[in-house]
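The same chain A turns up in both complexes below, where it pairs with chain B and then with chain C.
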Partner chain A sequence: MSQSDDSTVDLAEGIDHQVAMVMDLNKCIGCQTCTIACKTNWTESGGREYMYWNNVETKPGSGYPRDWEEMGGGWDESGEERTPGDLPDREDYGRAWDFNHEAIMYEGSDEPLRPLENADWGPNWDEDEGAGEYPNSYYFYLPRICNHCTHPSCVEACPRSAIYKREEDGIVLVDQDRCRGYRYCVEGCPYKKVFYNAETKTSEKCIFCYPRIEGEGPEGEVRPPSCAEDCPPQLRHVGFLDDEDGPIHKLVNEYEVAVRLHPEYRTEPNVYYIPPYAPPQTSEGGETLDAERIPRDYLEELFGPKVNEALNTISRERDRVRRGEESELMEILSTVNNDDQYRLEVFDDA
Partner chain B sequence: MREDDGSVPDRTPESTLGSKLSREHVAALALVVTVVASAALLPTLADARPAYEIPVDYQQSSADLSEPSGEAWDSVPAASVPLSSAGASVPAADETSVESVRVEVARTNERLYLRLSWADATTDTSTDEISGFADAVAVQLPANQSERPPIAMGSTSNRVNVWYWSGTGEHEALLAGGPGTTTEIDEPTLRANATHEDGRWTVVFSRSMASDRANVTDVSPNRDMDVALAVWNGSNMERSGRKATSEWYYLALGPDTGGPPYEAILWSVAGLAIVFTTLVTIEGIRRTRGE
Partner chain C sequence: MQEKNPWPTFTGRQQYYIDHDWFLELDEALPTHKEAPVLQEKSEYPLGYNTPHSRWSIHSTWRDSSKMLRLQRGEPTVYLNPDDAAERGIEDGDTVRVYNDLDSVEVQAKIYPSGEPGTARHYFSWERFQYPDRNNFNSLVPMYMKPTQLVQYPEDTGEHLRFIPNYWGPTGVNSDVRVEVELVESAADDADDETDGESGSVSGGALGRLSGVLGGDD
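Our next item is the complex of A and B:
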């Protein structure tokens, strides 16, 4: 490993530093601004129309692509053998619908504007449905990008080594010159965050907006990825996992309140989530009950057993603040200072 | 040689010899001739083609050889090449579906033509869907012929050329030095044409024989050349190392298209050994009888 000698953070072999992101799910309002920021930057055209490198899905829900959590990929329990994965169908992502624009705009039809046919699935088809019964129904939003994993099964899946973790910051990229469109990476990623472009005949994915973090973005400044910077509630922290003075290291490794999505896939994601703590359940009469609204079982299903201690810690720290005590953790989570949230130049002189 | 009535004719060269030989000796001599003749004739029989040989038919003119159904192919002998899963390290690598490919090879002074035909009921010609893969076929040749390269795409020190045709209609020339290393190379003289009829693909590759470029196979008209084949069935999600492949075969380009040059010699030596043994046995019996 080439990380600094005194580091206690595990990085992938041969990687100098590892970019990471922490998303606070308690702040997500499901507005899809991140989705559109990403799309307008990277996936507007050229065979990428169906792709959402960043998407926001409702949980519980089928997600994007539909039922991606049931499609396999990742690693087995030993962490050494890859688990077989499926290729999603175009329908699972959602096809672009044709609308009756022609009839309404040019032919004088007074029918309502609507898709012509096959409008039976698409991204966010099950938005806000969630689960549970009134008055204790529940859902939350889950923004997802490529996790730029430390142990990426997409990288291992490629027989041509066309997909790789780049040395300087661990961003996972597809070499468009080496890719021959075999789609083993699409099958191999358990988060289904590698996409096949049928026009270029290559696979493509989130690039963690690397031109922006390299200072090649707007105004020649170092900027966080668009999905983070354009987020109205500013729910993301962006930095390096091995920046031990940064908030990400504190949230992930010190307070252990930022947890991985589906750690059982064993790809070791570098996108982490502050789990949601919804209001408690209420009775039919509207009285607050001493019962959690989002079942812990469900959160464990998504984030693994570490979610329990994470929620307990957050709860404990909130109580401290309520008592008027100081909490470094709550300060990090409630900061409105972008300089604290985005730390991307700490290793520039290294 | 006349031997039908067993008599020894007069006033012929054989008569002098015959006067000194018994009937047994004449019979033995006949055996020698039969054996030697057989040695010369055997390689011309189709079922006696040496293992791994693919015959090459020389033609004066290219005529319609570049067409999958060209009449010029009518006179070209075919070889049936068995295929099996390549066993590469990709998921489901052993799940391949094409079991053999028919190969015909012709050449003119300028170009080499390979006509490959295999059974595939589905015409998979599109990669426009996420789970859509195209049928494909490839011909692998040593980049240079000093030593036979490893069958799985050669090695870094012993590279291969691959002519690749896809059901999408594209074809390309590739250079490889081991699995996962195929890289497109500029090869303007490579052509491919394909048809799908009666549940079979037929693809004709052709390329200029000669090449003076590094890493581009120079096909000599005077020397046998190694060749291996691969077929992919797109609807079975075959791509990359999930493919049905052959072992190394060779194109019989060398001057003796009947097989290795030592074959006739071996047959003759074996025949003469039999005759010698027969003669010794006969002589032994005669002496035992005291003749």
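Our next item is the complex of A and C:
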């Protein structure tokens, strides 16, 4: 770990700046617009059909690929030895079903529209199920992309140094010329966000829409990744972790309300989450009870012990606003101004 | 006022009060609560039926999009509370029949712990061609006409009130419908074995045909 010249933020060694994203889970409605934006841009064809560089899964739930949290990868407690990880099989990802539109629309078939193959699992199969019993059942949506980690176990796993963190902004990329498709990175990533392309015989992954942040977005402008920009409730902040005047630095390092998913994997993700709130439990008769709907244990399991202080801070600041006081934190979290949410043109060299 | 024009009502403003003879006679000159008609007996059709708008389409647009269907089950689903499903021997992924006295639709069961016990939620706007019988979520929902929906007022121009489908006219009574659900085919059985679409379709009579005509792609 080293620090850049004028910053107090920890960045990976040899990295000038680090892109980062904060996703507010309280705003996610599970509409999958981010998933479709990503898919349409990057993974529609050519062996990528099954891939979701961005996916949204229901939590609690087994997610995408199925039971990815049970598949190992990441680092041991010392943070120096990699933990062995599994390679998901095709069924764990779910198949990109084709449908019989052609037969119905053009050939007069009176069959119903159905997948052309047996469909018994998919990337969002357990949507909306969650856990608990009515009326105190609970679930929330978790959008996931590559975390562009500060201490990426996928990079360490590659014997050819084909997967690397790029110097200017810490985006993790697979050099398609160097990659031989060994899939050590797929095994090594505990979030299962590197994917093997059986047609190109190389591994591929989320590229943080780097052409967009480099100014090759629509209209030749700098744009945030399309998963962020296309989000109907605009739940993401995008910028640099080491931009100390930016909202990400404030949410992550100053207020400490944006926390990492599974910090115990020790890859130090640069995607952070504002943890979800839910209404309190209710009695059979419909009265409000003094009991949290989403068990705190479960949130700790996902986001580590820091989630407690994050929730406390948000509650405290929310109360300030209720009393009519000012809260910079609540202003950052409730902004509807994209210029405040997306800060990508702050460093001359990035 | 809209674009500096008064509203096309008697008062030139938004107004609730309608002094038409029929409204006065039916005691509806102001918005009035009336008890819902009993369409299906609870003893016969135990589950309350609703068809909420979903977040995966805008009406039926994109309802059959392959990209969106891959993020769902690939076919229409009905959400059932786990206890209601267990009582009927239904498991997640099974093919089930949702029916009442009007019609019967064949869909996939999805277990939904957040569903209120005693309800069946069948999200709105699946296309007819996504059902084996080419019916849809609305086939179970009648549309009743009320005399007040036939009023044209004033009689010559209808400027204040006139029949306009989807604005002033009959609509489905979505919240008053009851259904029952039964297992057609277990997901554990060979899922490649296509079910024939003939099973137990209930003849809807005139009302069924009306809902067939009006209840299509919304």
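Throughout what follows, the second predicted complex is superposed on the first by the 326 of 350 C-alpha atoms of A that agree within 3 Å, B and C clash if a C-alpha of one lies under 4 Å from a C-alpha of the other, contacts with A are read in each partner's own complex, and residues count from 1 in each chain.
By our rule, contacts are C-beta pairs under 8 Å (C-beta built on N, C-alpha and C of every residue); 3 or more make two chains touch, one makes a residue touch a chain.
Computed from a prediction, not measured in an experiment: that's the story for all the values here.
*Asks:* Just to be sure I read the superposition right, which of the two partners does A:L87 touch: chain B = first, chain C = second, or both, or neither?
*Replies:* Touch partner of A:L87: chain B, not chain C.
*Asks:* I'd like to know which partner A:L289 touches here: chain B for first, chain C for second, both or neither.
*Replies:* It touches nothing on chain B or chain C.
*Asks:* Kindly classify A:P112 by the partners it touches after superposition: chain B alone (first), chain C alone (second), both, or neither?
*Replies:* second
*Asks:* Which chain makes contact with more of the residues of chain A, chain B or else chain C?
*Replies:* Of the two chains, more chain A residues are contacted by C.
*Asks:* Counting only touches as set out at the top, which of chain B and chain C does A:A198 meet: first, second, both, neither?
*Replies:* first
*Asks:* Once the complexes are superposed, what residues of chain A are shared between the chain B interface and the chain C interface?
*Replies:* none
*Asks:* What does chain A use to touch chain C in their complex?
*Replies:* So the residues of chain A touching chain C come out as 29-32, 35-36, 39-40, 94, 96-99, 101, 104, 110-115, 118-120, 122-125, 127-135, 137-139.
*Asks:* Please output the residues of chain A touching chain B within their complex, sorted ascending.
*Replies:* 82, 84, 87-90, 93, 157, 159-161, 180-184, 186-187, 196, 198, 201
*Asks:* Per the contact definition, I'd like the list of chain C residues that touch chain A in the complex.
*Replies:* Checking each residue of chain C against chain A gives 55-56, 64, 66-75, 79, 81-82, 93, 110-117, 127, 129-132, 134, 187, 191-192, 194, 197.
*Asks:* Given the complex with chain A, which residues does chain B contribute to the contact?
*Replies:* Interface residues on the chain B side: 88-92, 127-132, 179-182, 237, 239-241.
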